[in-house]
Amino acid sequence: MRIGIPKETTREEKRVSIVPAGVDALVKSGHTIFVETGAGVESHFTDEEYRKVGANIVYNAEEVYQRSEMIVKIAPLTEKEVDLLQDEQILFSFLHLAVGKKNVIEKLLKKKVTAIAYELIEKDDQLPVLQSMSEIAGQLAVQVGERYLGSDSPLGRGILMGGIGGVAPAAVVVLGAGVVGFNAARAAHSRGAHVIVIDNDMRRLRRINTDISKNISTVAANPFTIARGVKFADLFIGAIQIKAEKTPHLVTETMVKTMKKVLSLLMYQ
Amino acid sequence: MRIGIPKETTREEKRVSIVPAGVDALVKSGHTIFVETGAGVESHFTDEEYRKVGANIVYNAEEVYQRSEMIVKIAPLTEKEVDLLQDEQILFSFLHLAVGKKNVIEKLLKKKVTAIAYELIEKDDQLPVLQSMSEIAGQLAVQVGERYLGSDSPLGRGILMGGIGGVAPAAVVVLGAGVVGFNAARAAHSRGAHVIVIDNDMRRLRRINTDISKNISTVAANPFTIARGVKFADLFIGAIQIKAEKTPHLVTETMVKTMKKVLSLLMYQ
Amino acid sequence: MRIGIPKETTREEKRVSIVPAGVDALVKSGHTIFVETGAGVESHFTDEEYRKVGANIVYNAEEVYQRSEMIVKIAPLTEKEVDLLQDEQILFSFLHLAVGKKNVIEKLLKKKVTAIAYELIEKDDQLPVLQSMSEIAGQLAVQVGERYLGSDSPLGRGILMGGIGGVAPAAVVVLGAGVVGFNAARAAHSRGAHVIVIDNDMRRLRRINTDISKNISTVAANPFTIARGVKFADLFIGAIQIKAEKTPHLVTETMVKTMKKVLSLLMYQ
Amino acid sequence: MRIGIPKETTREEKRVSIVPAGVDALVKSGHTIFVETGAGVESHFTDEEYRKVGANIVYNAEEVYQRSEMIVKIAPLTEKEVDLLQDEQILFSFLHLAVGKKNVIEKLLKKKVTAIAYELIEKDDQLPVLQSMSEIAGQLAVQVGERYLGSDSPLGRGILMGGIGGVAPAAVVVLGAGVVGFNAARAAHSRGAHVIVIDNDMRRLRRINTDISKNISTVAANPFTIARGVKFADLFIGAIQIKAEKTPHLVTETMVKTMKKVLSLLMYQ
Amino acid sequence: MRIGIPKETTREEKRVSIVPAGVDALVKSGHTIFVETGAGVESHFTDEEYRKVGANIVYNAEEVYQRSEMIVKIAPLTEKEVDLLQDEQILFSFLHLAVGKKNVIEKLLKKKVTAIAYELIEKDDQLPVLQSMSEIAGQLAVQVGERYLGSDSPLGRGILMGGIGGVAPAAVVVLGAGVVGFNAARAAHSRGAHVIVIDNDMRRLRRINTDISKNISTVAANPFTIARGVKFADLFIGAIQIKAEKTPHLVTETMVKTMKKVLSLLMYQ
Amino acid sequence: MRIGIPKETTREEKRVSIVPAGVDALVKSGHTIFVETGAGVESHFTDEEYRKVGANIVYNAEEVYQRSEMIVKIAPLTEKEVDLLQDEQILFSFLHLAVGKKNVIEKLLKKKVTAIAYELIEKDDQLPVLQSMSEIAGQLAVQVGERYLGSDSPLGRGILMGGIGGVAPAAVVVLGAGVVGFNAARAAHSRGAHVIVIDNDMRRLRRINTDISKNISTVAANPFTIARGVKFADLFIGAIQIKAEKTPHLVTETMVKTMKKVLSLLMYQ
């Protein structure tokens, strides 16, 4: 099969969809690979590295799209990229159609593109790609939060997450014990923080105690416990997917005001 | 040498000064041992077990004291026991002379007894017997406190020290990071409690973090941090030796009132 | 819906079926709550706390039962309480019908009460309420056993569960690796005890080694290994549901006699 | 004694020399405290908080210096601050005289100031203030390094220090196993990194394995092992005090060139 | 039922199919047991021990086979043993028919033997006997590998798996994160080795990090990562079931040559 | 200085006194190095590797001894080697003079050799070389013992040190809590064994519990506890330096007979 790897076009997206090791495996399995020049640069892979394992370097996106049967990307397609897609082409990419523009969807339908969204790939009742993204999100939430606790952040009060001899560590409250929350709790606990995890699923909370540590406090979620958590936290990590109509019950006006002094990293679980 | 092991006479003292294994070692080294009948009963050792390893069972305290060159006891001597001591006899026992009765001391002096107090035995700048007592005290403080947190205690509020899935563990505040405090902190932490240790010696606090866990909060002692600790604690363990004139600064009237709802196990460090 | 919270009537039952935080959530969702005066006293919640979150305090049980569409209790109903139930009322409570009195069941049927037993609530193939009860039971078994090992217990031999430097810890044998056994093993292991777990389900035993520690001995159950466990144990924790006809094989007369010197805490798994 | 707390004047110094809790203790011990207005602002303490515990707020630095017998500061004094010092005044501060300006020293001498440098305070053969600074430095080195490994740093290659399932963690090489190195190794290890510590003091290396984890690789320092460490590291943390004449042997030209792709956080041990 | 336990006839097989404790349970359940004399010798069980629990000792294999309705063995049957089987007899044993001789299968069919292969017993979607074998294999792979790293092995280079202060531990690369790989990784990690696990199943890799330690590097399998693993390893443990046609992709000629300096313990997962 | 590295002459000694990295450092510091051809072969270092870092390869031992001012060896010198020493030469080596031959000592004295024994080098009240040897000995004792527990050893009973699900681990009793004992206890504990350490120094035993794990049983040494340990052990590791006259008390005839079924690895502490 002819597979195309275009360069990502959004500024924040520094990844490349397939690394040279992956290209190598595909070439050895008999596929032909087209890589847009510079596609790997932001990920520190040169054209040369792709060429060595057998990729064909092409010099603009149009060529990648035209010569390939299948396009492998990372970021959801911009309208301009959708226009480059060929009729009946296969597309592997994050799509985020639920929050996407209407005419992107219409164009995909019209071109009869077979579009496979990473975020919807299922295997054994799990979403393996989202799982990995969530693991990273949980760890990064703590890493970013740690930075904001420092004295060089405008909100920070010079708190060292793990404390030192004679100085207590930060209190980190994690709302949600899914994959993001689990990884955030583990990262914060391993840094020496005092961690409290709030969720309304007892099984998830038990897993925190069994798989990370008995020394993480787990708390059944209700407006009282969440309010107390918000007040107590030096760092508050939101790891639940809040749906509009649910919020008012859990996070009141007053709590949001209180939260101004803390950090609110709302992420997807 | 002729060594005597009298039965302890205070009701609370259930130990015996030398167990059969110790008697065995002494007999094999050539000593003669006199054990008062029933001396080991409270510790679950029968006269028969002592006899088997070569001890001579005698049937009253007077005989033990009269036939022995050295008396080995546990509890500080009552006046009655002091009267049984022979002139120039050797005595191994806890003595607690600092808090003892004046005439006990006078009698010991008058009888020219060579009295060796366990609590003052030094080896390599340490007090090995007190060290062991303090290890036990630290562990017991947590064990007893755990019981009082339960719902069958009048003060208790049905708190499970280690929590369960969805229910946060108890907050245990330990004042003092000496041997008692170290062992109390370790016992409480291993039960899953959220542990805070307060001391004014940074090196001791660091040792808590290095030798037990980074996840114990260590806090430099000052009136503010102690007051906050008292307020925050479900279980408050005093593990410092409070000298009268020092107390007012650290533990105020208000704090003592607050403490009524918590547990105060004041022990010797 | 009109929901009633009667005061529990059995002496040992110190819990209240819904705490003020729960009432708050229900009131905010539009329900009307009737709380019998003093219902929360044994759990340290005052009428005032219930009133603040919007409950109506009523002054006897009859009124609670008459004004409510749904009754929420903890302990299985006494006959007197069953008489208070209204026809076609909804009841949330522990029921323990399997061991209950025949006429209680008949009355429930006759009154067409919709009775939901906590102990039978299923979710994802689990019994979430029993699960929490078993977690607590496992931890308490160790806490209670620890107390009985002490020298102030008539059976106790002055053993400190975790030992101290130079004194070996207690040997704790747990029969059964279900939820109770798992939690008992974890609690005993974390206290420093030498723990042996006996079960005939290898997967449960593996989970002990994976989720708690490789340093817990797991042993396949057969009459030999159980007999050896009984003999070896300082504390023996029964965490299996023994059915009459099964027992003779596993726990023989001789073993029961031997057990007199150990502790037998037979609990439900 | 009259004690003065001036506001720090260097932009980077956000700390205040004594927090309100400390002022409270001093006032209760009978001292008089002068705090320059806004001294605590960068540390999030208001004048009001100082006033509440009995401090006198004064409105410029001159007044603090003139009314106090003792000045307590954090950052080494600027020339302008030295000019404010009164003759024979007592000064508590970091001084860093070894790297300080000559005329600062001369002025201190001329004014007969009793200057106590935090960095030189000794207790039991240790430097307690430096010890705490080093603990913080070690933890921060890892925290900062972690940030630079991320994809939003120009040098970073998008490495997550702790890895995730299927992606190996970062290799962190720590040169030096003193207080800074020990704390850096512990912080990196707890984040899940693969940690290698290089030192030429076997006792320090053993302490890493005993007090942190057997799973940290400890390596005896020689030019070969350091060169290999530099090459292997994703993050290289220098935690030794390099003296000019020693460097050439250990860190060669080639190594420095190689290091360009890694991070070099040279700190004081 | 009449059950026969013949002595194993292959030199390497030192196990006996049922130990005395098992015989005891069977006899108590009403079965009659025939044990070939010496069957337990290699496992350190005497005929006397079998006789005590009620077994009948018989003096040759023929008698065991003729008097029993069911034969319980360990090792797959040799042709000679198959000839001893009675028509319609029940057989419990490892069979390994997939790699067995054709005429063994034919004879089993012809004699209408009900043959139950341990390796194919399923329970809850698992193969419990293979699971236990794999646990042992994983631990032994590390134990054997450790020996070969030592200086008294011809391939060994005097490497101590856990290192000592100043000497880095061995790098152990485990290919495959199934039961064998999991147990090998745990055994190597607990010995202090630097462990890398390679697999293409992210869930298995996550389990390594969750159930063993975050400090094990997990790496997604592809030819590049495997090649790097082979090169990096001091000890390489193969814990995958390699099927002929798959190998060339993963393990190239060059890699096999490189491997000559390492250890290749290829085992079944 | 001219430094000579002769090839070791005893069959068991596979080490070389200085590895190429060490030679490199010495050459760079201005020394001249003579290496006997093949000196590094048993340690897997070729002559070529030595030559590359600047060593002079010489072709027999005589030449090494004659051209060098200082000889660096590992194994104590044989008589033949002593004869090769030059008058007033400097010698670095293990010497073990206490157990050495009389005429070796006399020759060293006569030749006025400055002999520095590794085993006697002191630094900060420690013997750093012996310390490292003891660390290795402790780990190897467990590694060797593990092998002997296996079923392919004549004494072994097929015990897996760490057990598996359903099979208890081995009981490992370590006599002595010095450096050897500490490392043996740590190695056995990390393999999952049930470890008991016996010593008469409480401080050493406490260090086992603090620095390794609370789950190792520590037992004060006396004839009773040692006898029980010998009986209980699957693997018994002697880690004390037994002096002839002391033995009878601790290890009796009966115990030695019992020990025949266990392993006795008597080593130096």
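Letters A, B, C, D, E and F mark the chains in the order given here, with residues in each chain numbered from 1 onward.
By definition in this document, a residue touches a chain if its C-beta (ideal position, glycine included) is under 8 Å from a C-beta of that chain, and two chains touch if they have at least 3 such contacts.
Computed from a prediction, not measured in an experiment: that's the story for all the values here.
Identification of common neighbours of subunit B and subunit D yields A, F.
Superposition angle, subunit B onto subunit F, using Cα atoms only: 120 degrees, a multiple of 5 between 0 and 180. More C-beta pairs touch across one of A-D and D-F than the other; that pair is A-D.
Matching residue numbers shows that B-F is the pair in B-F, C-F or D-E whose interface repeats B-D, with more than half of the contact pairs in common.
In this assembly, the C-alpha centroid of subunit A lies 41 Å from the C-alpha centroid of subunit C. Averaged C-alpha coordinates put the centre of subunit C at 52 Å from the centre of subunit D.
Multi-chain contact residues of subunit E (touching two or more other chains): 132, 135, 162, 165-166, 190, 192, 202-203, 206, 211, 214. Looking at which chains touch one another, you get A-B, A-C, A-D, A-E, B-C, B-D, B-F, C-E, C-F, D-E, D-F, E-F.
Every residue of subunit F that touches subunit D in the complex is listed here, in rising order: 21-22, 24-25, 28, 124, 126, 128, 131-132, 135, 186, 190, 211.
Chain contact summary for the complex, subunit B toward subunit D: residues 202-203, 206, 210-211, 214, 222-225, 249.
Interface residues of subunit D facing subunit A in the complex, by the touch rule stated above, are 14-15, 42-44, 132, 135-136, 139-140, 143, 146-147, 150-151, 157-158, 160-162, 164-166, 187, 190-192. Of all residues in subunit F, those touching subunit C in their complex are 162-163, 165-169, 189, 192, 194, 196, 202-203, 205-206, 209, 213-215, 217-220.
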